[in-house]
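The next part holds the structures, each set out as structure tokens.
Paired with chain B in one complex and with chain C in the other, chain A is shared by the two complexes that follow.
Let's look at the complex of A and B:
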């Protein structure tokens, strides 16, 4: 090769990237492991001269900490609820989009719109739609000014209003709102990927099925889903990874309190826990939690890959 | 010839099948469009609600039976949102951070991708694999240490802290390297024989050929600046260097209870608008970039 003599040139070109990666990627990996295994490590105290013992104390403390378990619970519930719902909905929409010609491009654009948004900004819109101005506390002169457009729709169809996100709302109602918002937010990416996959499936499979008079449901189950399985595996895995890192969408709806005013922190997630620990200068605890999060993501991804190895047709 | 015959036969058969299933097909088509329309309306409703709410008076917004079109159109809500949220400064900050970080990031990505795609050096493959492995690690893990690093560097509450830590994206280098690899190596060798410098070759041949990828990277990077929230909240919370999302969240802290929603919705609309405008013009690049990346800014 002409350039093999000039390998110094390659390193010169790579220098900026390597320097920045060493400082902001490689060192943090090493340092996070170090801090996680120093009991009760705190950057502030280290500067003050405190010496920390090596051990797994941070990990033990984190998993015994009720707040962490609550965060883990909320994160897991959100993940388990939103990934299947958004994947199935996205699959149905993608299949429907793929089967039409008129308006296909237009509808495709519409379904992509939630992607081009700021999850905090639109979270505020969802909060407005679910918010009750006034109170439903059952007192004498209570004044409900507006129950929010979602409750208006429920009442229009003869239901009773629900306290979704206000003071006194239940955990289940809060989670429901979050699931709706996260699914709405997750659909565009999944539809885009699945539609791309559908469009690359050879039409002859469908023609053959039609000749045989195969029913629509059977075509979906026996042809579309198997041939689409690499893309389905991809959106499920990225969905789980994103789900375990859920944080800003909750801030969008509930604000920094991460819950209704009377139950702040109730909807906190794993990522929220890490940032809370960091804000209170407990880097050891934050690092341990971050490594646990990484471990969970790794395990879930490996399980998904293992399952898809058996199910995915490449 | 034989192939042709099969195709013709196949088509004839298909036509028969098509007429047979036409009756059922019409009902199916109607259902398909009905389903897609309902879903599209659900997807669009929050945007519609944001816009009409932002144009209502507070009294109209609070009516127990909602109106679906504002009676009095209050454009003044937008002016109020702009001043209450101090959006001007925030827009400026976000544009500065977005432009500078995109520009620097592009330069670093291009020369790194070039080195990985075109140059030979010891340890290239190991280095590249190592870089790709870091992509698996959640960003929160880096943040804990980076927060300490930028604090001790004295970078807190500067533009630098919002730009420098995120300049290198392994993913963008990977994306561009794949793109560069598709360009025949013979072009590079020919240029070498002619005595063309690397930089000139990059500028004249590789960059034009990889332009769609570079545009995708630019868009992802700019939307990243627009949507970033967690990092600026940690390290640039003096109010002077805040970015748009933080400003929005801080100026309108309450989301539940008794809130002046028309003004808040106007602020949300103002913050969302630039992204939509970019999307309208660059739809193709955005959708292509996203389908390859899966990264939400």
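Let's look at the complex of A and C:
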């Protein structure tokens, strides 16, 4: 124990961290809860002297919004599609990386590059790749020629080009592009974690398996995956948490319209909804939506933990 | 299954990438493990004993030389095709599987003709768990078991496929002293019951001596001596072997042979008929001393440790290579603890003389020649020619 006459010193040294946490984390959380439970709360009006009633009106309004439900749907679809795909891909890439000797360090760097690249920039590149008209926009060839790399490849193999993200594109096509982008963007972190996990598995387990003539597939299923399960659980849980907070990736590809020009806002997500509410000075509604999002993430994480308790060994 | 190692050499590239120095872990190792015997590979750490074991298992490939199991050349075979069971130093039990799943695992890998039905597999597991006496622990996870139990699970997993050769890497090093005694008996019993040729690696001479049919003493990748444990102990070929075997360790004195007599300091210990003058080390086992007021060797008395049946006398001698000279004598030996010195006679069979330069044994008249590697190899060769002759006769 620190002697009491010295304890003010301890508090002094802790002060910078505590002050920052109080101002930027603790107070906002408390304030969010307060605003969420004041009907139709608006910061501007409060300054103007309006008094708000305590109640759950914000929550009721939010869940009655079709726009909110659409955001919830898009977010959920993206989450459910991207987390398993990116986790499995990351696992396979990590196992492959771990088993090669030549160029391992180089490839590790290559796979890690997306992590240190600005996601808006990546989004713009993806948007160009999936574009249908690209630089021909506005010319007389606009709708005849495809310039996006992806469509070029499709046409090279004899398919017809797909309208991925432009005017007139379908919701499914938009979601497909988002899934590809989010998976690609999520890989580096997952590969890093799983590779770290793989490298900490005792090599003797593999020697033992080798002596017993275990096939590669069986080693992966029966030894690597179970021994990696704590890392896999971590990657899946953080994946879901990140997935429900998806926002910048949509901006990266579709810009602030959050959708093709003729269907703006179609790909809006929960976080997008919260930002919109804030922008229109409806802090009460934004806070309610934020708490709902928090609730959803909490429930999903609890389910994840419950499942992983059964599946994660030791 | 006889395991034959012919001129096995293993050279590792240096760990340090910058230096191109090569490390010779095992150097020209030639030895044949007789069928159904328990063999201990013994040596200090870094002597290449584990590398030898891993080369037999197939996890390491020898740089040169050949390995035969029976008549089959297995040098190029991968581990799974050699029919071996390997027990790792830290057991390498899969932590996420129960004991039953761990033992089943090798059986589930079998493919094609060897494939077993579920019932057959469980029969095998029953059989082998009975052998290692783990029947009631089948549903436990490894981390819910003691070290000794884990060890037995590892042995069961190695045995369940009925390997031709069982290999154990430092099988007792992770156990506490009591369990070690128990487990080594257990290993001995299991080996006897199954009759599987077993090779184990250890740095603990007591462990190797107590259960092996034959020990191979190694130093820096080279075989020093092979033979039955007692034989090697009683008749070491060089200073290293004599020092490595035995607890408490052998007492080493600086001595010399002069005028066909062996001296330690100024005291004449024994006659050395027909020997040239030279500087020597004289090794005397602790049990080789007899307290005798008219003895030939005089030591400065330090203390006495009573161990019940025996008495351990700690003394020192100016010519001793170690700080103390420890002797173990009968508790009925009478001597005066207050005296400054103690005099000993030396049992001739417990005293070994080594050339100071080469550290090789100098044999005296009446010494039995040790059962040495060359002799052993000749025996194998003659055995082989005999069997060849037999087969030729059979053919005729």
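Quick notes on this structure:
Convention: the second predicted complex is superposed on the first by the 296 of 314 C-alpha atoms of A that agree within 3 Å, B and C clash if a C-alpha of one lies under 4 Å from a C-alpha of the other, contacts with A are read in each partner's own complex, and residues count from 1 in each chain.
The rule we apply is simple: a contact is a pair of C-beta atoms (placed from the backbone, for glycine too) under 8 Å apart; a residue touches a chain by one contact, two chains touch by 3 or more.
All values derive from a computational prediction rather than experimental measurement.
In the superposed model, A:291 makes contact with chain B only, not with chain C.
Once the two complexes are laid over each other on the shared chain, residue contacts for A:76 go to neither chain B nor chain C.
In the superposition on chain A, A:223 makes contact with chain C only, while chain B stays out of contact range.
In the superposition on chain A, contact of A:98 is made with neither chain B nor chain C.
Set side by side, chain B and chain C differ in how many residues of chain A they touch, and the one touching more is B. Of the two partner chains, chain C is the only one that A:202 touches; chain B does not reach it.
Once the two complexes are laid over each other on the shared chain, residue contacts for A:210 go to chain B and to chain C alike. Comparing which residues of chain A touch chain B with which touch chain C, the overlap comprises 207, 210-211.
Interface of chain A with chain B (complex): residues 1-4, 6-7, 9-11, 13-14, 16-17, 20-21, 23-29, 31-32, 35, 43, 89, 92-93, 96-97, 99-100, 103, 107, 109-129, 131, 133, 144-147, 149, 152, 165-167, 184, 187, 189, 192-193, 196, 207, 210-211, 216, 234, 238, 241-242, 245, 247-248, 251-256, 260-261, 271, 274-275, 278, 283, 286-287, 290-291, 293-294, 297-298. Within the complex, the chain B residues that touch chain A are 10, 13-14, 17, 21, 28-29, 32-33, 35-36, 39-40, 42-44, 46-47, 49-50, 53, 61-66, 108-109, 111-112, 114-116, 118-122, 124, 127, 131, 134, 136-138, 140-149, 164-168, 170, 173, 189, 192, 198, 223, 226-227, 229-230, 234, 245, 248-249, 252-259, 261, 264-265, 268, 271-272, 275-276, 278-279, 283, 286-287, 290-291, 294, 296. By the touch criterion given at the top, residues 202, 204-205, 207-215, 218, 222-223, 226-227, 229, 313-314 of chain A touch chain C in their complex.
Of all the residues in chain C, the ones that touch chain A in their complex are 57-59, 78-81, 84-86, 88, 90, 92, 94-97, 105-106, 109-110, 141, 143, 157, 161.
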